[in-house]
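Take a look at this one; I'll ask things after.
Chain nomenclature is as follows: A, B, C and D, assigned in order of appearance, with residue numbering initiated at 1 for each chain independently.
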């Protein structure tokens, strides 16, 4: 993972800009690529990620959808079966709940059931909402649900560089690819190459190297984990951090190797913990690295309740860097050294509003 | 779990009959209870589970649905919010993929989002298909998907006695309850009390007691596990077997206690293994019982591909008793004693067709 | 001819909703204390007033993301709504829902849902429940013009038709789904054709004329109560402010200023005010007094909300199960 | 007037489909080697013939659980179909799909889906793909009368209308969804009203008259190829055998014997046979020869399927990803 906080001589753009650029370049390079979305051609361009494309490519390639997620997903699948390369975008993953039959049956299974004769080169971008009181139905995550159905690739880029490279790889991939974008990752800035490049849709990215504990994070939790790791570093605890940016196909090789070395595993899920992606990751790692483990694995994730709207109810809902350090303290026995780190992170957090990606953010959506 | 193979002085009926009886008795006892389903009032009565009810209760309480799963689910929710107690049935859980938005948002979250003021006393019965070449879209399982969304109770009865008692408990429950019925469990026979009784919607049932390994199974896999356990018993290996008949709310207490004692855990999922229910169970157990575990946990479940239709392709798709014994052999070091057991189970299986619940079964559905 | 008291009540209701929503808009970014999306109905008040005043308290309504007006017109508690916007404990959802999850059981506001069209079948189900319980109550489903693009609308309409349910679909056609105009989303045919295709009675009304809406609703309610089934009412109207949020957004260029002005010149509140004045039913002084009373109510409600406690974070996990 | 060669071809196609499906029925429980659900179209052959013979090989069709006839009429490979029913490796899906997952790329059979209405949008998407690729090909969506109850039909129809896509919806109204009659599921109105409500052209035809179906399709195809958009064709017909499986099921009592006999007396194959005979286009000897040829083809195909290898169990995990 490239470090979004480096600067000199680099090309710093936001996650949203990176996605827009990927789309633009893919549409320029391949005229089979087209875009569909509610808002894809509107003045706000899906949080800026599709802005300007309709002006360049016209309304036949940037299709403003009726509000009909299930039907339009099937339509995208049909076009994909005919060799087109649709990219569909939902402003909230929650809207795609209406389209799951199409996604899980026609998209995920067409290649398998035809013994390889059909392909569905479809990308579905979906945004995970968080903050500004979106409430329970504009904030779900669902990566473990998508990952349960064989035949779908499931990716969650967290940096602008990954967002661009993975979207390009997804569009070029012959499989249906579900891409979950945490809304706050649209606002992060990072160094992004100008050219067309791919980040392969396999394996985690190794964000930080260390020896005392292995931390695996998904999506936005990578940022919280990175903050945790960097804070612990100063206190002499070193962590191996993986951004599990691809959940299907699931390549846990590097994580297992790491856990064999560190003996300890902390999983930080962006979605609900129960029956979440981390459950699979923890279960798989333990199945394979049990003999080398020195402590019970720990999962962090959203507790078993819907997302409340009120900002007063979310501080304990969304785990943050301090929770990751606290978990590390528990399982490494470094509580002495890490106690002050937790305190400092908690203090810093108390200064920031919990419901915005950055202090300038003002809703309303 | 009552033992379906006992006989004398008992009231032996099938799973399907048990469900029909539960529904009948609940409708007789409470006129707010009503039924909706495609086929609910037709001559075949959803595999016999609703037969005769329309004659008794009329078409206003046994509603033959148009083919519109999403809309009708919302309609059931609306009626439930008004104090009615709908029971909806889908002949295949796959059809409910169309209704997930209603289930996950309006049903699962109404109580939470209204801070407890609304309740949705809705039961959704869904049948998991298997066998007779149903193919990839009439055979999915999805329990881990339902269990991921806080607010839904998720139950999978495997015996006739549980089927009746849990359906009654579900109908009387003020929460939305998702009930997944493996099709083959409709054909099993067991001792079922005649009266109205409840099996509480919490916790596993303790099917067999033993000390060498803890086995947790869901739904139909309980039968395979029981066959495995009984076969191992003869070879001097004793297993603790739990039927994890309730996934939400998830009470793993008895399982954890057992694993603390046996030090070993085998999980047998009825659905896909990856990102399946067993992932949560294994991860949770390991988080809490790590210190007492003597071997890596093992999961069995469907491999990462859709269900093929051809019976030649399914033998390695559906795990069976022999696989459970083999896994036990691996982690207990009792390979010597268990090798012949595996061979015998494999032999017995080779004599039976793999695609029918019993030798008389002749499709076509 | 509508009873003069009702004509005045319609005006009062619209004025109140207008002033409340303008207060929400004015204060939204003033101190950023309402930290949830808000979808204002300013410009569309004739629909909520005309429909809800033709209902009884025990009739049920369901609505959408744009539901403040419906909630208020049906008698939803103002304090509870503003507390909900502020994420406060006395909110109708205890702060858990925000503006897109309003309900008030006492007033017959059964639910609102932020997912487009998601509450439509729930409203039909409410009608089923009423019918099963032997009540002569009716259910009203408020929906936007985009929600008929969702399949679930059709599934719901079909079931309402075959079971002759006491439900009224009120489609507020404000010509847009977010920034996308109707003609990019639907073919050029009367929207009421959808209703007829499902065997439903339908009526089209000027959605900026509260009396027209009231009359249409009264007819539909009578049909429903008599057991003769469902009606689809199409009310043409226009949203003045941005899709979501407090501001105007004509600068985005997705609609023309002429179109906007044309609709604004048909301000539903003004139209009724002039009508009442012409009919000598409302004098300027009484009108001013009304506005002042409402302004006072609003100030008190905001005071209440701003001073109300936040929910206790330790309760965040309560009420997952009943 | 239809070309005599086409009239004969229509007859031949129906006869062939009929004999194939009867052979499937006869053999289904004979040795229980076709171990998958089968949904026969016996009685409905005029629709598949009339539609598919009006299409080009590069036109695309999508169909449902009841798709054998469509697959065959469009030119799908018989051996591949029977192997699929038998779960054999040379099946069109390599034995992975069974009877509800038929396709034949060479013949333009794009897909069939066992989930009601699920293939409808896929067919519309195929039309979009054809249009984007600059082809003048058309896509045909076969659907049952129940599938218009699913919301996705409406979502698909709406999009087809607004984008003027070259797609033809062919609704086979056989009056039942499994054992549930139409009037329990839909209101009493012409089914074609649904099409008009979505701004689509529509035609209603006698679905047991292959020439009527052919003519309607030819018109719709011409419209679609010319860029003038989609048509909805309603074909009234009747399923003779049980919903799923090889037998008759009138004993279940869900429909009357009179109704059944009324429809059977209008056997589409017989009707065309008599028509051709009356027009001196088919002599008894030629007819017998045709039937014998087809019977022979069927025997060979079953032999092929019965002798074909099963897929290797070790391949069960292949092709999850491309």
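Some notes on this structure:
As a working rule, a residue touches a chain if its C-beta (ideal position, glycine included) is under 8 Å from a C-beta of that chain, and two chains touch if they have at least 3 such contacts.
Please read these numbers as outputs of a predicted model, since none were measured by experiment.
Shared contact partners of subunit B and subunit C, listed by label: A, D.
Summarising the inter-chain layout, the chain whose CA centre lies farthest from the centre of subunit B is C. Centre-to-centre separation of subunit A and subunit C, using mean CA positions: 36 Å.
Put simply, the C-alpha centre of subunit C and that of subunit D have 46 angstrom between them. Subunit C has residues 93-94, 96-97, 101, 113, 115, 149-152, 154-155, 158, 162, 184-186, 320 in contact with two or more other chains.
Contact of a single residue of subunit A with at least two other chains is seen at positions 66, 68, 70-71, 94, 97-98, 101, 105, 112-113, 135-137, 150-151, 304-306. Chain contacts here are complete: no pair of chains fails to touch.
Listing the residues of subunit D that touch subunit A in their complex gives 60, 62, 92-94, 96-97, 101, 103, 105, 110-111, 113, 115, 118-130, 132-133, 139, 151-152, 154-156, 158-159, 162, 318-322. Within the complex formed with subunit A, the residues of subunit C that make contact are 28-29, 32, 35-38, 84, 87-88, 91, 93-98, 100-101, 113-117, 146-147, 149-152, 177-180, 184-186, 244-246, 252-254, 310-311, 313, 315-317, 320. Contact residues on subunit C toward subunit D in their complex (touch as defined above): 149-155, 158, 161-162, 184-189, 193-194, 196-200. Those residues of subunit B lying in contact with subunit C across their complex are 32, 34, 60, 66, 68, 70-84, 101-102, 105-106, 110-119, 150-151, 153, 173-175, 249.
Residues 38-39, 41-44, 64-71, 94-95, 97-98, 132-138, 303-306, 308-317, 355, 362-365 of subunit A touch subunit C in their complex.
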